[in-house]
Each structure stands twice: as structure tokens, then as C-alpha cells.
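Chain IDs A, B and C follow the sequence of writing; residue 1 opens each chain.
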Amino acid sequence: MHADAVRNDAVRNDAVRNDAVRNAPAFSVSRLTFRYERKVAVSCDSLEIHRGETVAFTGSNGSGKTTMLKLLNGLLGPYDGRIDFLGLPLARNPLLRDRSVFVHQHPVLFSGTVKDNFEYALRLKRVRGAEAAKRIAMTVERFSIGPLLEREAGRLSGGETQRVAVARAVAAGADVILLDEPTSSMDSASGSAIRAFLLELRRSGTTLVFSTHDASLVLDLAGRSVRFESGRVVDEPSTGGTL
Amino acid sequence: MNALGNAFSLLAGGERETWWTIATSLRFSLWSTVFAVIPGVPLGAALFLGRFKGKRVAVAMVNAIMAVPTVVVGLFVYSFISRSGPLGSLNMLYAPAGVIAGQALLAFPLVTAMSYTGLQKLDPRYNETLLTLGARPWRRMIAIIREGRFVIVQAVLAGFGRVTGEVGVSMMLGGNIRWYTRTMTTTIALDAGKGEFERALSLGIVLLGVALSINFLSHLAVRDAR
Amino acid sequence: MHLTTKRTFVRTAALAALLVLGAVQAFAMGGKETSASDVPATNRPMPANPRVRLATTTSTENSGLLAYLLPFFTEDTGYTVDVVAVGTGAAMKLGENADADVLLVHARALEDAYMKAGHGGERRDVMYNDFIVVGPKADPAGLKGSPNSTTAFSRIAAARASFVSRGDKSGTNVKELDIWKAAGIVPDGTWYKEAGQGMEQCIIMADGMQAYTLTDRATWVAVKDKTSLAISYEGDAGLFNPYGVITVNPAKNTAINAFGGKAFLEWITSERGQKLIESFKLGGQTMFFPNYKH
């Protein structure tokens, strides 16, 4: 279970990892403190997010939701305390980039078509050719985004961009998806499309963690909500997972 | 005014040596820009992406080197490519290769610094998206250069502008040899000193045109980046 | 600006740059089409290393002598000469560093020292002309009628008339300093201006400042129409200006084009080279008088 042992023995490494993955929660945070420009931006004594769970981060602007999401995805550091992802420390975690993706509030796509974006994300996972085509076709089918496939990524609307960004993460194989304000500043049609997306992901057992101001999204989607107050995390009891 | 008229007629008349000098200048500048860009742009991108100790020192060093006068760069390269220097056997001094080497060394820190500062204007979400999708450093660098191509174009143009307009390196390493290493700027330096203003002026007009074109292209790049 | 246009912009820019590079490469490689070297010379073998680097004083270049002579040399031998025109002192420094193959210079004492130090291969006399003092037409220091060059210089110093010195260890500069020394004067003060430039530039500067300067006659004749200056003093035997050709000692460095340097030395002192030097005229005057003794 310790990082040193993982580094020292490749065989045991796999055994340890598999064991960890099987039993461990998606995220396990303890005594975390992250400072930005010497001020405490996020502090959290304890937080566990189980695999397959859908968790909403709520709280006012600047309360640390986005920072926490980025910390969980290893995009920010260094920090004090400990974050485990699937039972292994986040730093040098071999599973992090394969299994987890963070999606921005206003995501960016790369130059080229939507299809180019999917192919690029798959290429980063060393998936090419027929296998890549199959994965893209499956993703397109699953989220009904066929009409977008050949469009220039830079010319999509905000809602379309959001959907493509999530689909890109899924196509790349992520089953732990972190989303920052997935339905903010979006018309109701796009909002409900994203909502349908997330429901579909939840049904298939994907771990979803998202920040939001949207109370109805929390009610519809989240099994649990975690409230943030000026950087402090208050782990709230389950809301019961109403559908 | 008469001199200006003569300058234009020198150009319009297609006087061979004048046009040869222009072509040679552009040839040196283009090649040296190529040799400056090949290491400069990736290095600028690496500085932008990298999170390592001493990064600030590295950036400060690049900026400092950028401010070194052309004649100092010329002197430095001279000491290397002189036949009595360590690279003497390559016979680059007073030859096009010497000028190109010196100019490339001149443009390299500028291209690096401009790439670095230019990429900082790029949306930080690109880098985060690449990270979260699991792009390894090398791939991230390529993708960042691709997404930031408009600022990269500006950096390249700035490098080209600097070497086209410089005289110290061309004079010191090229020797201003007729039909061989004579460039627009060395001709101007030479002809103006001799009181022959027509050719100097006509080349000055061309240099002005080059500078204006660079500014225009740079402006296009900024506009298109939005 | 949508993405299709973005792509087009960068690609077009790259393509345009490539095209320009190709064009200038082709044009610059084409070089001079009409030079004598393009005249087919039937019976000459092409030299192994056809580029010879000649480091020389500015006077031979500025007067137009080399532009006149070198096409014939190329035609006769197949060598192309890269002329690096600096002062005599700098030219010898280039030779010392092996950065030149052959020198054409004019400072006899320095030349002898250079040979003695082992930097040279062979030295020969080539030609001579003379130095003159040029200055404002009104001749404010009254140089006209000076009995000799030292007196002429003394009058400049006494009048504190502006004087432009090359200040670059060139042959002319060396000669100038010799004359000041002979006159017992240490040139100093605001009237004495060390330019650090070539001969032609110094004459133009002297014109701008209405100052005196010492020059070789060939450069003066080539430049005089661009100035309002006139000859203030000439004719002293002490103003004799001999030129020598020196091959750089090939033992210094393997990169030296020893054959090329030797070919230049042989050619410029050959009967044909010497005749051509004599036939080079500016304003109907011979500028350099050949004096190699066979």
C-alpha cells in the first residue's frame, strides 16, 4: 500500500494495485491543506468518495469547489496532507491519467474537427486505427452526437462544446469524471442535454464529481452533496439519491 | 529628393548587384531564422510548460542574452569560427555559413523569449486539458505550439526582423565580401560612409518594406488569434 | 476568425516563406552572370579550392583597383577572391590568425615585422603611389608651400585646425603617426579626431567637418568629386606609399588556401598583373605604379 513498495517491486506493484483498486474508494482525502499565494485555499480533514458515487460540490463562488476538483485530478500542487485515488497516493499514481478526467466550466477543444479531438484524446492513450474508430463510434452512438462529428471544434456553441468535452473524456476511457459547473451559463436545451449525459454516465457506474450552483441538478443527479465554505469542506450526509 | 528618385530607379531598373544583395540578405535571414526557430520555439514552449527549480533564473538568462548587442554576439562567434578558434576547420568565417550561424545565435534567444511570453497569453485551460487527458510532456509541447501557433508566428517574425536589420554580425563574420557575403545592411553601412547614398537609400527602402511586411503579418497573426 | 481561416493563414505564411527562400536561394546562388569568370577559359584546370581570401587595406578596394583586377585573375587562374577590406593592421591580424590566405598591404615596417615573426610565407613588392594631405579649399592652416610633410603637419597642429585621423592602425594611420613623431608633436586635443573608419569614410567625414586628413592618392581621386575638399599638400619623398603582397604562412593552419594565396602573389607580380595595375586609371591618371623587380 506504500508508494515505496510500489516503486520497488513491479510484480507486487500490480498485486497491490489490483487489490487497492478493487477495494478502495475512488477518492480518499485526509488532513488536506492547499495554499495558494500563502493563503489557505482549501482545507479538508476527511472526505471519501466511493466508486460509482455521484457527488455534488456546492457553495458560493470562491469557496474552493473548483480548486478541490483540480486537486483531486492532480492539476494543482503541492499540498499538505494526503489524497488517494483508487487506493494509491495521487502523486505518481499510474491510474490517474488513465481513469480520471477533469472537465472545465468552459472546456477548450483543440484545433480541428470534433472527430480530430476524439482521435487525439485516444492517441494519447495509445489507441489508434480500427480500435479508435470503434471507440469513437460507440461514444457517438451512446451520446447521440453524430451530427457534431465533422464540425470544426472552434465553431461549436457552449453547450455543444461541453458535451463534446465530456464525450472526449469518456471516449478516452475515463470512469471517474470531475466536472466544474457543467450546466452554468447554458440555455435550457443544452442544460438538459448535459443532464441526460450525466444521467447516462451515472447509470453505467461512472464516478461523477461536479461543482454546481444549480439546486435542481443536485436533487436530480447527486447521491450526496458536499458543501464548501470559504475553503473549508463540510461533509454532509447523503441526500438519499432521489431520482 | 533627387537621391530618393535615383534610389527608386536603381530598384525599378533591376540593377543586378542591388537585387543580388537583397536576395542574399533574405537568404541569410531566412536560413538563420530557421536555425534559430528549430531550438528556440521548443525551448520557449518547454520553459512555458516546465515546472522546475531555477525556471525563473532560466527565463531571466534568456532575457538577458536577448539584450546582448549584435557586435558582442559577432565577436563571440568570431572567436569560435576563426581558423585559429575551435571550429576553425569548418572555414565558416567570412562565408555565408558564418553569417547564418551568428545571426541564428542572435535570433535564438529572441525567438525563445517571444515564444515563452507569447504562450503565456494562451488560455491556461489548454495545458490543463492536455494534462488531464494524459498527454506526456513531449506531446504537450507539440500541442501547445500548435494551439499557440499565432504567437509562435509572431516570435518567428520577430526573429526574422532582428536578423534582417542587424549589421554587426554580418559585417564582422561576413566581411562584406562582394558577390558573396554582402548584405543590405553592410552595403548601407559601407555606401553611406562613402557618400554613395543612392544604393544605400534604395536598400533602406527595401528594409523598410521588409519591416512593414513583418509588422503587417504580425498584426494579422494577432487578429486571427482572437 | 473561424478555424478554417486560421489553418489557412499559418499554412499560407509557411508556404510563402518557403517560396521566398527558394527564390532568393536560386537568385543568390546564381551570383553575377556577367563577370569575367563566366568567360570560358579553355586551357585552365579548375583549382581544388577555388576561393582565396584576400585581406587588404581599404584603398585598394575603395579606389576600384581590385574590382578592376580580380575578374582578370579569376579568368586566368579559376580562383575567386573574397576581399575583406580592412586597415593594414587589421589585415595583418587576420593573417596572424590564419583567417586570410594572402595580404595586400602598405606599411613596410609592419610587413617586415610580420615576416620576421614567421606569420608570412613570401613577401613581394607590388606597386606604389603616394600619400597626400587634403583639406578645405581655403586652407585655413596655410599648408600650401610647406617645405616638407613634417612642416605641413606642424602648421595644422599650430593652427589647431581640425584633422581626421584613421585611428585604426591602417597603413595610412601608421604613416600619419610617423609624420607626427618626426615633427615632434603628440597630436592631442579637440582638433584631432580619431575616426576608426576606412579611408573613404574619413575623407567624407573630413569634408563634413572641413578638416584636414592624410590619404593615399588613389582613394582621394576616387572620392574627390563627392567632396568640397582639395589637395593641401603633396610631393614630399617622405609620402612615398609602397604596397606589398604577402602570402600567409601555410604552416599556420591546414585550412589556409596555400595554392590560392601563392597563385595570387604570383599573378599580381607577373608581367600581366603588373601591366593591368598600370592600366587602371581614374580620371585619366594611373593610380598605382607597379614596381615588382623580376
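Going forward, contacts are C-beta pairs under 8 Å (C-beta built on N, C-alpha and C of every residue); 3 or more make two chains touch, one makes a residue touch a chain.
It should be emphasised that the depicted structure is a prediction, and the values quoted were computed from it without experimental measurement.
J.: Looking at C-alpha means, what's the farthest chain from chain C?
T.: A
J.: Out of B-C and A-B, which chain pair has the most contact pairs?
T.: B-C
J.: Going by C-alpha centres, which chain would you call the most central?
T.: If we average C-alpha coordinates per chain, B lands closest to the whole-structure average.
J.: Rounded to a whole Å, what is the gap between the Cα centroids of chain A and chain C?
T.: It comes to 75 Å between the two C-alpha centres.
J.: Counting in whole Å, what is the centre-to-centre distance of chain B and chain C, each centre being its mean C-alpha position?
T.: Computed from C-alpha means, the inter-chain centre distance equals 31 Å.
J.: Which integer distance in Å separates the CA centroid of chain A from that of chain B?
T.: Centre-to-centre distance between chain A and chain B: 44 Å.
J.: Chain C: which residues touch two or more other chains?
T.: If we look for residues of chain C contacting two or more partner chains, we find 6.
J.: Chain B: which residues touch two or more other chains?
T.: Expected reply: no residues.
J.: Do you know which chain A residues sit against two or more other chains?
T.: 111
J.: Any idea which chain A residues touch chain B in the complex?
T.: Result: residues 70, 73-75, 97-98, 100-102, 104, 106-108, 110-111, 120-121, 124-125, 168-169, 172 of chain A touch chain B.
J.: Which residues of chain B touch chain C in the complex?
T.: 16-17, 19-20, 23-24, 26-27, 30-31, 82-84, 88-89, 91, 93-95, 149-150, 153, 175-181, 193-196, 217, 220-221, 223-226
J.: Under the touch definition given earlier, write down the residues of chain B that touch chain A in their complex.
T.: Residues of chain B touching chain A: 123, 125-126, 128-129, 131-136, 139, 143, 146-147.
J.: In their complex, what parts of chain C are in touch with chain B?
T.: Residues in contact with chain B: 1, 5-6, 9-10, 13, 17, 20-21, 23-25, 27-28, 31-35, 53, 62, 67, 82-85, 97-99, 197-198, 200-201, 204, 223, 226-227, 252-256.
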